[in-house]
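Some structures are shown below for you to check.
Below, subunit A partners subunit B and then partners subunit C, in two separate complexes.
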Partner chain A sequence: MKQSKSMMVLFLTPALVTFATVFIYPIIRTVFMSFYYVKTVTDSFGKWEFVGFGNYGKLMASSMFIQSLKNLGNIWLWGGIGVFLIAILFSMILTSGVKGKSFYRAAIYLPNVVSAIAMATMWIQYAFNSKYGLFFQFFSFLGMDNAAAFQWTSPDNQFYAMLIAYSFGMVGYYVLIFMAGIEKIPSDYYEAAKLEGANMFHQFRHITIPLMTDVFRTSIVMWSISTVAFFIWSQVFSPLDPDVGTIVPMVYMYNLVFGRNLTLTDPTLLNAGAGAAVGVLMTLLVLLTFSMVNLVFRDKKLEF
Partner chain B sequence: MKLFNKNTIKKIPSYGILSLWVLFTAVLIGWIMIASLSTTREIFTNTLLKSGVHFSNYTKALINHNVGQYFLNSLLYTFSAGFSILIISAPCAYVLARFEFKGNKLIQNLFVGSLGVPIIMIILPLFALASQLRMTNSRILLIILYICITTPFTVFFLLSFFKTLSTSFEEAAAIDGCSPIRTFWTIMFPLAQPGLITVGIFNFIALWNEYFIALVFANTSEQRPLAVGLMTMIQSMRYTGDWAGMFAAVVIVFVPTFLLYIFLSEKIIAGVTGGAIKG
Partner chain C sequence: MKKSIGFLLSILMILAVFSTPLSAAGQQDSNPDAKELVYWSMWNETEPQAMVLKDAIKEFEKSNPDVKVTIQWNGREIRKTLQPALDAGTEIDIWDEDLERIVKTWQPYALKLDDYYGQSYPSTNGKSFEDTVMKSLQAHLKTLSTDKGLYAVPYQPYVVSVFYNKDHFDKAGITSTPTNWDEFLAVCSKLKAAGFTPVTIDDAYMDLPLGMHLNRKFGNPDAVEALVKDRSGKLWDDPKVLETAKEFEALAKGGYMSEQVATNKWPAGQQEVATDQVSIYFLNGTWLPNEVMGTTGPDFKWGQFAYPAVPNGAGAGAGTFGAQGFQINKDCAAPDAAFALAAHLTSGKWDQELSANTFGAPMDTSMEWPVQIKESAAIFASLKSFVPWSGGLAADPDAFPIVKAEFTRLLAGQVTAEEFIANIKSNL
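== the complex of A and B ==
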């Protein structure tokens, strides 16, 4: 095909300019900023004060930030295990020839298109409510008064309540991904295995799992990216002040830089440079999981 | 037992689990809808709709709680950003899909890589830049940010779509003396309509539900989109105590994407799996 230079420039420039403005320039500036003491985020470069790794040191010394990292790790690990196991189960059921497959699939994916603020409000104001809530009524109806009296949103329980509510909505996305992966596996593999006398478990262990490696790899990376951006659920579960039970790094950073919330941490920490350091750490976490996943699944690529 | 064969009976647990899960979703959403038509008193005494249907919750939310304004803002942001994204991304995706040149692969990799960059990695310099240009708390700024941030995903999505289109259209147009730029806008862009619509729906849903950028950049009452507005309402609940009004606001937030999904779920699902499996 004829290549037109002027057309290439004309067609690429707008997208590249937007990309440079919101990704390349900010990434570079955030990395720099994380090594400086910056009183307010709008300060010009001239007012920045070089502190080396000082911001990182202060973050690591802040118990609230460490707590936010722990919460993030728990969401990633336990939420990830729960979501992936349920999604695998559902995708196996849905690809086994049940009737109404597309209805179930669509209904399970539904929470993903609904605003997270709305979903989180439904959970906290209805499902978990201790006066008229769904779980309260359900367990009262069964006569299980202890379970009915369970305080889902008390400080001790709110982290797991939040994790359950968040994970519930995330399952649908991975069901779609896993179903597409399973449907790509040629059905004669399963037929051959059946003829050899392999049961469902063996088929799953020796056909589905190995041939889905690529899908799992992508899914773990996607899960990590969405976990790092965990923010809305934490805000809805602790709408007024960030709470030990629900705080995550993004909430910590938001309060550090934009919040008027000086009670969160020691006010001397209040500096946009530390906020930038949180951003850098989160980006490194994503890169780390990405390379770990590639390392673990290396040499396991199968062609079919 | 002729009615159920052995296979159906074996699948009863499967249907049970799926149905319970879906039932739970339905109860969650259905109860909110009913509660949004009851009074706050009825919600707390568990006697929903006892005194009839109260549409006044919606008028109260829309007018007293400013949700009407938030709704119009959300419409403005999603539609103006949504269309501009397509106009900027489609030509870029087309050139990357069709032309071979140095740096093509690099641009593609950068765009894909940016999908993994957390928003808090870029928000501070953007905020500083916006305040330097005296653009904070303007509607235009939010629209521009939405366009810029969504472009890499849109390019990535459309790129694989353009690759599936045959080159014979361009060859025929070139023989007829049509310039490449004109060929794109009059032939290829319309041909890409299915892909443009799918990615357009995705962007609509994502921008409608977007929260963090709006929270940082449009946090005055006049500029708030729905998601941020709803959160403000929740935060002031302990003063207003208007639970019914809040549930009405929740319904107003989720109904647009919910309706879109009911009509287009097959298209949306096909788009999710198509995009992710390749990645």
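== the complex of A and C ==
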């Protein structure tokens, strides 16, 4: 027994050391850095200037950072509701014995394979364009001129345009997860329920949902992590400077650390320390969501 | 079979024996004065600029056999990767990026070039290098540095101006370009009467007309910066701001703006002009004809004029301009060779090649400007003072997106001049 323990230590040490160097050290350094004014990421420690919670205070006083949090919240909530509802619907249909299941599954998953930049460009130029885009053509064909003239990418609407485009690409991923969850539920339950006279809705309400709790919990955590990292879609929708409707915390952080894309950022506005503070806040946000989800779904572990 | 393998092995052995002295002899032949320059480029290898630079560097190596140039094509990522690399001591002798950015950001890493500007090089035709570089760019370069020194070599200059379709102007009977706001509105009215949509712009450039207009009104970018940084909103009550908003409102009310203006995501607006649907692109850089060349072809009749003077303003003559620039590392082991390379790339033949291949402006004052942007040459020459990109509106990253969004609504006719100001004040 003793020998095997020492063997465990021997084998685990390289992995632990690697983990500590590539994960723990950057995390600690980032947290540490968020309490300093650091002009550029590569500045040596000697140039750091201690500001306490100054960076956090600045972020909270910035109307654009608050706006970025609001946008993130809306993406998480409304995007999440939309994606999960559609994904559940699709996965129910696809697991109900419909013909051509693997084709539909592949088709729904396809947007995940395409690069996000290509997808976003496609949406902006070919779907939302109010002169020759897909929606324009579609609504014009139906004679709905007001709907056809809708300005998808104007300042008033571009947040929703971006949300729709992003959510479209995310549905396929959750369809796969939900399908796997549903297929794991033994078919006897459904058969027994059918014999007892339960309709589709009853089956869904009393069998599928309770037995999918674990899958939902994992999915919500994964959705939270992916929305906190929301970056590319915002960048493609406003490549030069973030707009009110497209700014998210990661873009705000990027601009603090690296400056803007075209306009030269006043060098005094660059602050990698404040960028680190954004990173710390986002990590806390994910942890908070994780604990909330665990609180809501606690003690509901079912084995089947 | 065995014999043939044995034969091959013996040949290999003989080669191995003789190759050692041969390679040693090769080393002896190499030039002890050989200099290596490492160039980190802002271009991607497939861009037209990169193609020209590659050929130019090959020619430089041919005429300077003791210099070997290693190129790393970074693309625009260089903005992020250069400084960490310099801090880490990576050997980089020469790099390029936006002129303003390199001097303001990387001056501490760069070599002061004032002495080199005074000398002549093979590509400068007997003149000193400083005589080939636009005077306005040299003056601008000096204002960017902390000690009024020259810390970069500019190339590919650009100037921001109003772009128009000359065919549309001819068909609408417009014989001269507008120099003030009333004339501009009159031109728009004539274009509209002739059946054209007069003006458009994209989200990417939306801030330029407002920034330039406010600069014309107030006379300097500092006032615009103060305006956008004012959290109390008091400065927005200045009558000049309302006048400005009213003047843009007139464009929207006159039906002169493209209906797509609020929804135009770059390059949708540029394409409106390139595909003959709209006559004027409100403000853009001299790179515009090249960007839409795939749509227009080289024969599209481009014209340009400077942003018009505005009512009760401080006059015209100020404009946004800039360039790309090369910078040389202050620790470069062969600074003379590095500057000779920069001079080779930015004057004479290769400056002209770059201009011709990208339909951009040449840096060398003796060179012709491409026909598509010919009128920009006169605009550049007439500039009296510098207006930063966005005219100073971008000075406050919090207020800037709010101002830009409201200005988009104003141009699209979705809000009135008064609502424009009130909305900005309430959102600041």
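What we mean here is this: the second predicted complex is superposed on the first by the 271 of 304 C-alpha atoms of A that agree within 3 Å, B and C clash if a C-alpha of one lies under 4 Å from a C-alpha of the other, contacts with A are read in each partner's own complex, and residues count from 1 in each chain.
The definition used in the following text is that a residue touches a chain if its C-beta (ideal position, glycine included) is under 8 Å from a C-beta of that chain, and two chains touch if they have at least 3 such contacts.
All figures in this text were calculated on a predicted structure; none of them were measured in a lab.
With both structures placed on the common chain, the touch criterion links A:41 to subunit B and to subunit C.
Once the two complexes are laid over each other on the shared chain, residue contacts for A:258 go to subunit B and to subunit C alike.
Look at A:114: by the touch rule set out above, it reaches subunit B but stays clear of subunit C. When the two complexes are overlaid on their common chain A, residue A:22 makes contact with subunit B while staying clear of subunit C. Greater residue coverage of subunit A by touch, when subunit B is weighed against subunit C, goes to B. Shared-chain residue A:241: touches subunit C; no touch with subunit B. When the two complexes are overlaid on their common chain A, residue A:125 makes contact with subunit B and with subunit C alike.
Annotation: subunit A residues 41-42, 125, 131, 239-240, 258 touch subunit B in one complex and subunit C in the other.
Against subunit B, the residues of subunit A that register as touching in their complex are 1-4, 7-8, 10-12, 14-16, 18-19, 21-23, 25-27, 29-30, 33, 41-44, 89-90, 93-94, 96, 98, 102, 104-111, 113-119, 121-123, 125-127, 131-132, 134, 137, 173, 176-177, 179-181, 184, 215, 218, 221-222, 225, 228-229, 231-232, 235-236, 239-240, 249-250, 253-254, 257-258, 272, 275-276, 278-280, 282-283, 286-287, 290. Residues 11, 14-15, 17-18, 21-22, 25-29, 31-32, 35, 43-46, 88-89, 91-92, 94-96, 98-101, 107, 110-111, 114-129, 131-132, 145, 147-149, 151-152, 155, 167, 170-171, 174, 179-181, 184, 205, 208-209, 211-212, 215-216, 226-227, 230-231, 234-235, 243, 246-247, 250, 253-254, 257-258, 260-261, 265-266, 268-269, 272-273, 276-277, 279 of subunit B are the ones that touch subunit A when the two sit in their complex.
Remark: subunit A residues 40-42, 62-64, 124-125, 128-131, 151-156, 237-245, 247, 255, 258-260, 262-267, 269 touch subunit C in the complex.
Looking at the complex, you find that subunit C touches subunit A at residues 79-80, 83-84, 87-88, 98, 100-101, 104-105, 203-204, 207, 260, 262-266, 268, 388-390, 394-395, 397-402, 404-405, 408-409, 412, 414, 427-428.
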